[in-house]
Every structure is written in C-alpha cells, then in structure tokens.
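Next up, some structures in structure tokens.
Okay, so subunit A shows up in both of these, paired with subunit B first and subunit C after.
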Partner chain A sequence: MTEQVVRPLAVRSVGRSLERVDGHEKVTGAAAYAVEHGEADGVIDPLHVWLVQSTVARGRVARLRPEAALSHPGVVAVIDHSNAPRLRDTGNRELLILQDDAVGFRGQVVALVLAESAESAREGAALVDVSYEVEPHEAELREDNATYKPDSVNPDMDTDTEDGDVDAALAAAEVVVDHVYRTPYEHNNPLEPHATTAWWEDDAGREVLSMFDSTQGVHGVVESLAPLFGLEAEQVRVRAPYVGGGFGSKGEAHAHVVAAALAARTTKGRPVKLAVTRQQMFALTGYRTATISHLRLGATADGTLTAIEHAVQEQTSAIREYAEQTASPTRMMYAAPNRRTSHRLARLDVAVPSWMRAPGEMPGMFAHEVAMDELAVACGIDPLEVRERNEPDVDPETGRPFNNRRLLECLHRGAERFDWASRPPGPRATVDGDWWVGTGVASATYPAMKMPGNSARVRSLDDGRYAVAIGSVDIGTGARTVLTQIAADALDVEPGDIDLAIADTRLPPASVAGGSSGTSSWGTAIVAAAQRFRADHGPSPDPGVETTASAADDPAAEQYAFHSFGAVFAEARVNRWTGEVRVPRLLGVYSVGRVVNPMTARSQLLGGLVMGLSAGLFEESHRDPRFGHVVTQDLATYHVAAHADVLDLDAEWLEEADEVFTPMGSRGIGEIGIVGTAAAVANATFHATGVRVRSLPLTADRFLA
Partner chain B sequence: MRAMRYLPAESPVWAVETVAGSPGAQFLAGGTNLVDHLKLGVTAPELLVDISRLPLDQVEQYDDGAGLRIGANVRNSDLAAHPLVRSRMPAVARALLSGASGQIRNQATTAGNLLQRTRCVYFQDVTTPCNKREPGSGCSALEGYGRYNAVLGASAACVTTHPSDLAVALAALDATVVVLGTEGERRVPFADLHRLPGDDPSVDTTLGDGELITSVEVPVSRASERSTYRKVRDRASFAFALVSVAAAVELDGPVVRDVRIAWGGVAHRPWRARLAEAALVGRELTEDAVRSAVDEELADAETTAQTAYKVPMLRNTTALTLTRLAEEETR
Partner chain C sequence: MDAHISLTVDGTERSLDVDTRTTLLDALRERLAVTSPKKGCDHGQCGSCTVLLDGRRHLTCLTLAVAHDGAEVVTAAGLADDGLHPVQQAFLDHDGYQCGYCTPGQVCSAVGMLDEAKQGHPSHVTDDLVGDVDLDDDEIRERMSGNLCRCGAYPGILAAIREAATA
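The block that comes next holds the complex of A and B.
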C-alpha cells in the first residue's frame, strides 16, 4: 500500500445535492439490515438468541437453572458462565461476558437462550431461573460521591487543565456568574435497535467468524472481537451494509455482539441472530452520563471574561471506565487569561456509559452557553455582544491559530435571519395570548477530526467505470452517496461511473463513523487512492489495474486548531397557565467547511438540531438507584421529540472550503447540530418567562407560577 | 411469548360464557395494550377470546337524540371523527385526538381504551415489585420514579394513575357503560366503572367475571355541546397526561347553572371533581372562583416532590379551560 500526498479536489459533483444512491433500496424495503439477511448472504437455517439479564445490580449468580427453559418447545440451548466458550481477557469487562459468576450491574448478560424462533428464545429466557448472592450496590450520582479523578477523559484528553490564577481573578472580578448546571442520563435510541447475525465456519482449516452487525465501524468490531476469541483479524469478517442509525451507541461493539459470537460458536456452524430489544438497549448499548457542571465565570463590567472555571462531576461504570469530556469545549471556546477545568467521576455499579452524539460538547456547551447568557444578563448587555467581546485571537487551549473560526459570522447571520435587532432586551416582555414568548441564542462548536488508519482502493473496470472500495459504514447519514461524489471528482468521472463498495472488513480499513470524522477520514483516503491511481495508471487505464493508497500525513495540519462553529437561535413559547414549552422556530447557522452534499448535510444538521431540541425539552433516563437500572426504558416513557414538536426548523451554512483540513474542503457535520441547541432553547425560555432553568430537560413543571 | 389458545368470538353472549369462570381467559380487542403486555410478560393468559370482529361498531342516537350509543368496538379514530360526537360532545372527540398516535387510534377500540392499564414503569417491568401486577409484592412507585403518580385517592399499595383520555371525558359527561354478563345485561354509571386502588390495586374496574362492555351511552345536553378537553404534557403529541381536564359548562347569564369537571393524570381512575363543581354552581364563573373551587377539591391531595407540580397545574388548567368555555358561551 502507498501513501499519497493529497491535493485539493477539483469539485464537480461535490457541492451538489446528489440523491441518495441507496434511497430506492431503503424506501422499498429491499435493503437488508443486520438480522434480515437470508440464504443469499449465507445465512442458512439460523437459530435465534435471547439475552437473560441480571435482576440485581451487584453480586454473584448463586444458581442458574435452565431446565424449564430447555423443556420449552423450540429451545435448543442455554449458555451461562458455566458452559460458555472461554474468552481471553482483553481488559474490557463490558465484553467479557459469561466468563464468571460476577454481576457488575443490573441488566448485565447472565445467560443466553438459543431457540428455533425468536419467540421461543424469548420465552425460554423468561423461564431461566436465576438466583443471586446480592451485594450492596451504589447506583446514584451525587456531588458527594463523584470524587474520583480519571487518568484521562474521552478519547484521551487531559482530565484537568489550569492556566493563570482563577481564584484571584474571580475574587477581583466585577461580575461573577457562579451556578451549577445539570444534564440527565440520555440514551441514544437509534431507530434500528442493535442487532447481530453471526456464524462460524471452516476456511481451509482455519476458523472464521462471520457477522452482519449493526455497527458504526466494521473494523472496530474485529479489533474488539478477534483478541477476545484468540483469532487473527483476518479470521473475523464483519459486514454492515445498512445501519439504521447509531448516534455513537454503535461506535464500539457492546456485549450483545460478543453474545452472538459466543452463541454461534456452540451451534456447529448454524448462524445465530440476536436482536436487542428497545428495553434492553437501556442497559446494554451505552448512554450519556448525567453531568453536574459547576461553572464560575469572572468578568469585567462590560462582559469581558477574566476567568472561566468548569468543574464537572459525572459517573462511570465500575466495570469499565468511560469519562465524558464535558469541559473540553470550555477549554477552547472563549478568551480568558485565567482558566481551569476538571472532571471527577462516581464509579457506580451501573451499565457502561459510552458515546452519544457530541460526547463532551453536548452537555458541556449546555452549561457554558447558559452561563454565558447569565453573564450577558448580569452585565446588562446583549447575548451576542458578550460572545463578541470574548472572541479569542488564537485557540486558548493550544495557542495555535484557528484554521477558520467564523463563529461571529454565524452569530450575525443568524441574528439577521431571526430579526434579533427587534428583540426586547429584558425577559418576560412579550405575551401572545396564553403564551410567554422569548428568543435565545447559543454558540456551537465541534472539533474537526480525521482518524488514522484509512485507505481506499481504486480499480478500473472494463466499461470505463471504476470500482472504489473502503470498509467504512453508512449509518444512515448518506456516506455511501457522498463518498461516491468524492470518488467521482477525484477520478474526474461522473458519479454514475463509480461502483462503490463499503462496510466490509475484506475491504481496505476504515475508521469508525463517529466524532464527525467519517467523510473527512474516508473521503481523504479515497482522494489519495484516486490521485495515486491516476499517477500510476493515467487517464485511460487498462481494465483491471488497481491502486490501494492512504493519505500521507500533512505537516501543515499540525499548525492549526481545527474546529467547526455555529450559532443556534431558538424561539420559545411557554404557556402561562400550564408551563408547557413549545419551540416554534429553531435555526442553526454553521461554518463546517465545504458541504459535500447539501441535501444529506441538511438532514444531518436538522437532525442534530432536532436531537438537541429533544434533549432540551424531553429526554431523561430515570435510573432508580434502589434497583440500579433505568426504569423509563421504552419510547413511551423516554420521550424523544415527536413530529408535532418540530415546527419551523432550518439550518444553513457559510460558503467556504477548508482545503487545509481535507482535499474536499469539508470538516464534518454529524454532531455540531446537537451542540448548543438545548442551551439556546433554555435561554429562550428564560427570555420568555424570566425563569432561569439550569438543568435539563425543560419540562412544564419548571415554569408553573 | 407463551403458547396460548386463541378463539374468535362468535357472539357477545358466546364470548362472555367462554371467558366467565376461566381465570386464564381474557378478551382481546384492538390489542394495543394487551399485546405489549404479552411480550413484556406482564400478563400470560391461557386463552384469548378475540372480540374485535363482533358487530359492536356502530355509533347511534337513542331516545330521539337524548344521547349517543357508542359500540364497544368503535375505533378511536372513527369515534373522534364522527359528526355527532364532534358537534354534540366535543370533549370526547378532543380527548380521543389527544391520545396516542394516529396508527394506535386506528386500531384501538372504545371499550379497550377504557380498560387499558396503567403505564406505571414498574407495572410494565416484571423485574420490579408491583402490587397491581403481582399482589403483595409491594409498590415500587411509592418511593421511585413518580412524576406521573396520583395525587388523589391513592393508597399505600398503589399510587398510579389511569392513562385514558377518553375515560376522563366520559366521566365528565355522565356516561353509562352497558355491560353483558352471564346473568344478562346491566348498566353501570361511568363513575362506578373504575375503582380506587385501596388495598387491592390488581383490580382496575368493578366489572365482574367474564363481563363484557358492549356499548357506552353518553347523554347529550347543553353542557355536553359546550364541553372540551385540555391535556397538559411536555411533548406536543404521543404522551400521557401530566394532568388533563374535561369540562362542560352551562351558564345562566354570568352564573353557573351546570358544570362538569373531570381530571385525568391525578388518580387511579378518572377523577370527577364534584366538590369543585358544587362550589361553582350558582356562582359567577370567574378565574378566581374556579381556582378556589379547585382548591376545595384538592384539599385532600397528597403530593411528593415529584408530583407537587400537579396542584398548580390542575388549578391553572381548570381555570383556563372553564373560563374559555364561559367566554365561548357568552360570545
């Protein structure tokens, strides 16, 4: 494989709204998702697996009686820690299931039931009789137990940072904002629940584990599973041709993927299908930790920040650490000479938290952007002005110049579209019938990231077409479409001349669809491969020649701090009688580099705004600390925004091309839409009512007189 | 799901005779609640008697227009769209349309709506104690997640609320439930259909063994024609009520001649606020008068930190609903 120094792309298809290349398959139901594959894909006569979950939060399985389950019609086997195939300890206790009798959280997998039908497996699982030796557990995040300092926070950031003398600056500040902001537990809830089909077969004397998995990264699943099963990477093949959303919860393999592979190992080659239920997702597939953010802002009377402190308390699971980087955006967002951030965790006997759309930025910017609104109120200045006043010259965290910081342009464009100039300065100023009406603003930011380890392959076909291959997954964002456009432009052909293959570990390696890094990482690899292909084979290659390449590191990239920015404007109406909150207008204006496909990008940004609105108004997983699990574990009790909640919604972007960051000029758009949105809504409800709510969600009871 | 027997009902009488005396038998109508329970293990009947195809699907006037008789199997969406329901008892149409989703309303039936069971998270989670699901096991909601808990008429055994919107409207409009049992037909005043939990929350209603609701009769009155339903919820659709108010009013000048108030989201059954009604009859209908009438009804309310909001929410929403009705009446 070759490394290629990439040149900026001459764009033709990039920047245009090519319709989704897989749209027809999806809307006609022809697209097969993870447990919908049949004989044509090698899934012949499958068994079905159901998970048996612990009903205690901590302790040991004292006795597990499978007899009643085994005598249920259709049940083939019950697998528990006493008879499960052995796994190698890779240090990830979330994945090390059924290896001993220990229970680390309520809902943990303690047995698997295999049956001829999903219904039989489910009933069999209900019939497995498990008793436990119960040990005391702790499942509640509190300010007095979140005291543990992790070595780093996700993905590998400093836990704490400190510049200058925050305490002295706060003591000397003319204005101080000092409040605690809270965000609740939230669950990702993609439309398609997690699901896996797995089977083992013999390939010339070597065992091969094959899977269809609903994942954001097929290669990542191999990296997790191969060492657990003592296999070489080539012995595991994972495919994910269609994935119905993930929002981070499918960024890493969770326990059910191991469960499917373990179960399949016992069936003498018969495939197994395992579909996680919506309720099981609340225990097994990750979630966003609740956060407690203690924000202290010190400023001069005109709103110029002199000190920023963001002390975060949150939780992780005792069985596997995940520390959300909640204060990370505070480190780079605004200028202030004195700055301090910290993260402390409670290690609880609970399910393992993980990535959820914009981990860190989403809860952190809720706290910071509401605090900034409070600073504007305290100084008697406009919320836009307080942000203008604290715009940094360089990245406050690294001292590097920003490559393309256009936050103020986003704010000004949004203000123009929202008619901000006519906004009454004070709160509780506008009544329309039964409703208090207000508007609010918040900034958004998200780091621009490219992941290492991507390469792509280009091969000429015999009809003037090109086969382009990379193992990346389209989780519903439109990646298959935009990569086709990028490949077409990189080869200077039409999108229809590209035969794109993705989502298979037999293809060149690709990084996870996460961190808003997918298009940047995979697209750059495709450009590298295409440019190398043309250098090697010219404009009229012989059919069948091929090139596999990855992009060479760009030393210029080290000189900049790469971030995207945005501004979110919300109008909130709060019912004077009932406290109900409605958001009739929501607008995001973004600077995200060049937009590769306006149609799919708009969906991404609007989807982020809706998810932010949903987090602002509704989403909250209630964990009952007595039991240790989330009791609002379905979509009737865990509310996400419904159609009726989403009214005048719009997103636009500044025209730009960031060719320092990627040859396409793009930066990534998957997450920034959710950042700042809940803060904008909260700030709008304050402007409407004069009631400052510092914890999410903004439910009706918070605004009752 | 456990294997069970399934029988399509041949007639209402046949259905009653088949279910009566068989503790493991249940009626199946639209199935929007029961099928969930089958999957979750909340219930495990041995026999399902499918009554959904019985011809109990008409809406008709009785006694020369004195009221509407609504067949048990009339679908929620059909009932909400019925011209006579919309014009003569708008509270019923509005309550229906504020419930569930379009797809569920297309499937759910009138009687099934009334007999749906609580959505208390512990009732639906078989790994936690619940006296309603498993008598004697304890009430997890008492000190657990309780945002939707009752504030009136609860007991130490159960603090949950009835989820139906339709039932609240029917409670306000003095409906009568027509019930077929092994001894023949009887008529149950709506207020007597649902019960408070007391020390046996496993029983939601006063229906006897095998009794089948065949229709609901709703009298038409001047008040019913000026009735409405206001549901308060965080999410704009597809959410159960934090609180809801069904109200009807008939004025004599500014003075209340007849008023009906029923609340949802506050008790184990739809709560007819008779004390509040009594406090308003004969008085001028003002916002303050409604608020103090509501406070009379809520004098016995028991709240927690999680449910305290329901008191001001009920007071405000009832005041909003009744004053708006009065404004429409005098316009």
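The block that comes next holds the complex of A and C.
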C-alpha cells in the first residue's frame, strides 16, 4: 500500500449542507441495524441468545442447574463455564467470559441460553438456577478508598503532572478557590441497544466468523475477537451498516459480542442473534465513572491565576482497568505558572467503566469551569473577564503554540448573541413570577485527534463514477454523507458520482468512530487515496483501475497543539418554590476547523449540547453499594432529556479552515458539544439563585436548602 | 402456547402463529421481518417501537400480539408507500435525526400526534381544554416527549413537525 503526502482539498461540496445520503432509509425504517438482517444477508433461521447474569458482586458460581431451562419448549442449549468453547487469554478479563467460575461484578455473564425464539430464550434464562459462593465486595467510591495510582490514564496520558510550586503559590495567593466538585455515574444509553448477529461458516477449508455488530469500529471488533478465538484477522468479518448511536459505549467490543460468537460456535453454522436488553446495558456495555474533583485555584486580586491544582478521584473495576482522564483539560486550558494534576482510583467489584462522550473533558471541565465562575465571583469580575485574563500564549502542557486557539472569539460572539452586556453582575437579581432567572457561561475544549492505521481505496467505474471504500462506521454522525462529499471534492466530481462503501472489515482498515477523530482520520485517508489515484491514473482513467493509499505523516504538524474550543451560554430558570430547573436558552459557539456539512454538523453540536444539558439536569445512575449494581437501570429511572426538556437551543461556529491538521481543514465535532454545557447551566443556576451547586445533576432539592 | 392471528401490516394481510407471550413488536420484527419499528427499551419508555395501530399511535412493545387479531398496523415504511409522507420529507429537510434508530417511531408518533391535535385532543400544556388546539412549539414538544432521541435531534424534529403541521 502507498503512502501519499496530502495537499489541502479544493472544496466544492465540502462546506455545503448535502442531505444525508442514507436519510431515506432512516425515515422509513428500511435501514437494517445489527439484528435486523435476514436471508438476503446470509442470516437464515437464526437462534436467539439470552444472557444470564450474576446476582452477586463477587464470588464463585457454586452450582448452575440448566435442567429446567433445557426442558422449556424451544430452548436448545445452556452454555456456562463448564461447557463453553475455550478462549485464549488476551489479557482483557471483560471479554474472557464463561471460562471459569469467578464472578467479578454483579451483572456479569454466567450463562447463555440458546432457543428457537426470543421468548423461549428469555424464559429459559429465568429458569437457569444458579447458586453462588459469595465473597465480600466493595462497590462504593469514596474519598478514602480512591487511593490507587494507575500507570496512565485514558488513552495513554500521564497520571499526574506538576509544574512549579503549587503549594507556595496557593499560600501566597490573594484569592483562593478551594472546593470539591462531583459528577455521578452516567450511562451512554444509545437508543439502539448493543446487539450482534453471528455465525461461523466454512470458507474453503478455513473457519470464518461473520458478524453484524452494533459497533463504532468494525476493525476494532476483529482486533478484539480474532485472538480470543485463535483466528487470523481475515477469519473474522464484521459489518455494521447502520448503528443506532454509541457515544463511546460501542467503541470497543464488550462481553456480549464474545457471547454471541461463543454461542454461534456451538450451533454448527446456524446464526445466532443476541440483543442486549436496556437493563442489561447498565452492567455490560460501559459507563462513565463518577468523579470527585478537588480543585484549588490561586489568583491575584484581579483574577490572574497563579496556581491550578486538580486532584481527581474516581473508580475503575477490579476485572479491567479504565482510568478516566478527568484532569486532562485542566492541563492545557488556562495559563498559570504553578500547576498540578493527579488521578487516583478505587478498584471496585463493579461493572467495567469505559468511554462515554468526551471522557475526561466532560467531567473535568464541569469542575474546572464552575471553579472559574467561583473565581470570577470571588474577584468581583465578570466570568468572561476571568477567562480573558488567563488566556495562555502557548499550550501550557506542551509548550507548543496552539494551531488555532480562538476561545476568546467564541466567548465574545456568544456574549453578543446572548446580550451578556445587560446581565446583572450579582446573583439572585432577577425574578420572573415563580422563577429566579440567571445566565451562565463556560468554556469548552476538545483535542483534535487523527488516528493512525487508516487507508482508503478508489476505483474508477463507468460513466465517470468512482467507488470509494473505507471500513469506517456511521453511528449517526453523518460520516457516510461527509465522506461522500470529501471523496467528491478530492476526485473533483459531484457527490452523486461517488459510490461509497463503509462499515465492513473486508474494506480498507479504519479507526474507531470515537475521540471526534472519524472525519479527520477517514477523510484524510480518502483524500490521500484520491490524490494518489489521480497521480497514478490521471483525470480520465479507464474503468476498473484502482488505488489504495494512506496519508503520510506530516512532520510539520507536530510542532503545534491542536484543540477545538467553544463557549457555552445558558439561561436558567429555577422555580422559587419547587427548585425545578428549566433551561429556556442554550447557545454554543465553536471553533472546530472547517465544517464539512453545516446541516449534519449542526445536528452533531446540538446533540452534544442536548446530552450536556441532560447530564446537567437529569442523568445519574444510582449504584446500591450493598449489592454492587445500578438500580436505576432503565429509561424510566435513568432519565435522559426528552423533547419537552429541550427548549431554545442553538449552535454556531467561526468560519475557519485548519489545513495544517487535515486536508479538509476540519478538526472534529462529535464531542465538544457536551463539554462545558453542564457547567454553563450550573453557573446560570448560581446566577439565578445565589446557590452554588458543585455536584451533578442539578436536581430540585439542591436549590431548596 | 401459540395462537393464530391476522394483521394488516402496511397494507398487506399477514397471518401467523404467535406465542402468546409475543409482543406486537416482536411479532412484527421477528416473525414478519418488519423491522421498521425499533426496539429501544421493550418497556414502553422510549417510543422507538411506535406504529399507527388502527389509526392511532401505539407502543408495540407494550402490547401482546395475540390481543390484536384483525388489527391494522402502519409503520414508517408503510407511510412511504406512495413516496415519502410529508412528515418524513420534513425530517429529511430539517435533519431531524442522526443515527435513525428513533426515527421511524418519531415519524409515526408525529403523524398520529398531528391527527390527535386536529381532533382537538388536549395535552398537559393545553390551556383551553375544549377549543381548537394551537400546535405551538410547547405543544409539539410535550406531545412528542414519549419519543426519546438520544442523539438529541429534538430541534430538527421540532422544526420538521412544525413545518408538516402548517403544510
């Protein structure tokens, strides 16, 4: 395969609101998600798999009696650790299911039931009789047990950082803000529950495992599963033509994907369908850890920071480590000569935490941006001014220049649109009927990321059309549409002349739809392949010639720090008698590089704002430490923002093109919308009521003290 | 135990034997391969399984198939039988979706809701319980709140329904 040095794209379709190329399929329901494939796709007469989950948090399966389940009509098999096909230990204990009798958390998979129908499988699962040898467990995150220092934090960042002398600077500071901020457990809850269709077949004497999986990255699923089953990567084929959201929870294969493959291993080629239930998702498909952030800011009387300390405590699971990088945005956000960050974990006997939209930035910026609001109040200056005072010249973490840091422009533009100038400076200044009214602001940031390991293929078809292929996944972001636009511009044809194929491991490799890196990573590969194709085959190629290429690294880019920025403005109304919080206005202004498709980008940014609002007001998973599981495990008790919760919402962006970062000039937009949003709402509730709430969500009781 | 039922689904008569435990949603998806209605929760908490059942919006995960012998079911696929329904076109025009998983349910719910409003059914936010319904933004938001969209496409959904309501 060829490496191509990419040149900036001459944009024509990029920058325009092309309607989603898969819109018709979605509004009619014709789009087929992971367990909606039938005979045409090779899914013939499937069996149904139901998961049996542990009812204790730690211990051993003492006895598992399948008899009653097996005698239930329709049940075909019960698979547990005693009869499950063997897996190879790849060091990921989340995936190493049904290999021994150990139970590491409540909700762990202890058996699978296969049946002719979903009803029989489900009934069979209820009839599997499991008893346990129970061992004591710990499932509660506290300040006194989150003391373990991981080697690194997600994805591979330093656990701790230190510059200067924070303690001396704090001791000498004229103003100190010193508080603890908390965010709760949160579950991603994509609307399509995780689901997998799997079957094993013989391909010219070689076993092949085929899957339709609801995943953010088909190649990543192969990387996880092939070694577990002792297969070469080519022996696993994963497709994900439509995925009903992920928000990080489908970024890596979880246990149910292995369960489907294991179950299918026993059926002599018959496909199996495994649809995780909404309730099961709360134990099996990842979640955001709760976080405790101890923030200490030292400043001069005018609000200039002299010291920043962000000490984080959070949890991981005993069976697999995941350390959320909660203090990472604090390392680069504002200038201060003395700075310290740290992460300490409690290792609990609980479900495995994982990525949830803007891991690190979302909880970390909640803490930091509420603290900045407190600093503004303590210094008697405007919240915008405190951010202006502390704008760094270079990235405080790396010392590199920012490629394009336009935070202040975002703040100023938002202030203008929100009529910030007429805001009363003090809190509890405005009453409208039964409601206290206030406004708040917070900054947002997210690193610009481009993943290695992407390539794309371009082939000429008849009539000036081109087939473009890359194994990336569209989880709702609009990737299918924007990659079509990028390919069209890169080949200098119309979007209608592009046949784009994605979401299949038989296509050139693509990185995960995560870290807001998709368009940057895949789009760059497509531009590389297209530019190489033109260099090899010219403007009027014969039909059927093709080029596969990836983008060469650009050493010039390494001298910069690449981040996106934004400013979130919220109006909050807090009911004087009930404490209910409503957010009648929410606005985000962003600097995210060039926007490839304004219509889909707007939906991405607004969707992030909605999720941030939802985290601000509602979302909290309640774990009962006595039992070790989340008791609010459905969409009635884990409320996500519904339509009536979302009022006037808007997002806009600064015109720009970051051609140092990608040939498209784009930087990634999937996550920044959730960052800072809850802080802006919290700051607005303070301005409305004078009550400072330092923990999410901002429930009514917190304003009635 | 199985029972024999007939359903008219998107204009086609279908008869089938269903396990009496089978929800209408599973009968559609698993027995009849009608996968336009989605399963987001199976508990009546998300709205993704919404269809028009005998003309009214209904959560198919919350009802047993055996209770609907002879019923007429219209899914989002059926609404597009003669080209896209105006509500569906408006969803495209206003990008009222991202992943698409809630979308067929949103579309059916919107079509059913517009009809309810036309018939004067009040909602929780209606001031005048007997007069005509003025389908303003708050009314649309309230009446569509049984359909969760985790992608947060509510602004586009609102704009789409507003347009379809006045078309």
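A few comments on the model shown:
Everything below uses one rule, namely that the second predicted complex is superposed on the first by the 704 of 705 C-alpha atoms of A that agree within 3 Å, B and C clash if a C-alpha of one lies under 4 Å from a C-alpha of the other, contacts with A are read in each partner's own complex, and residues count from 1 in each chain.
Quick note on the criterion: contacts are C-beta pairs under 8 Å (C-beta built on N, C-alpha and C of every residue); 3 or more make two chains touch, one makes a residue touch a chain.
Everything numeric here is computed off the predicted structure, so don't read it as measured data.
In the superposition on chain A, A:Arg626 makes contact with subunit B only, while subunit C stays out of contact range. Residue contacts after overlaying the shared chain place A:Leu209 against neither subunit B nor subunit C.
Contacts of A:Ala641 after superposition on the shared chain: both subunit B and subunit C are touched.
Within the superposed three-chain model, A:Val76 lies out of touch with both subunit B and subunit C [touch as defined at top].
Within the superposed three-chain model, A:Glu119 lies in touch with subunit B and with subunit C [touch as defined at top].
In the superposed pair of complexes, A:Glu580 makes contact with subunit B only, with no contact to subunit C. Put simply, more of the residues of subunit A are touched by C, taking subunit B and subunit C as the two choices.
Once the two complexes are overlaid on the shared chain, A:Met332 sits clear of subunit B and of subunit C alike.
Put simply, subunit A uses residues 119, 123, 634, 636, 641-645 to touch subunit B in one complex and subunit C in the other.
If you check the complex, the residues on subunit A that touch subunit C are 19-20, 22-33, 36, 38, 117-120, 123, 189-193, 242-245, 247, 275, 277-278, 475-478, 599-600, 602-604, 606-611, 614, 634-636, 640-647, 649. The part of subunit B that touches subunit A in the complex is made up of residues 1-3, 39-41, 119, 121-122, 124-125, 127-128, 140, 143-145, 232-240, 242, 309, 312-313, 316-317, 319-320. Within the complex, the subunit A residues that touch subunit B are 55, 73, 106, 119, 122-123, 126, 279, 434, 577-582, 617-618, 622, 624, 626-627, 629, 631-634, 636-637, 639, 641-645, 697, 699-701, 704-705. Remark: subunit C residues 19, 21-22, 26, 29-30, 33, 35-43, 45-46, 48, 75-77, 79-80, 84, 88, 91-93, 95, 97-104, 107, 138, 140-142, 144-158 touch subunit A in the complex.
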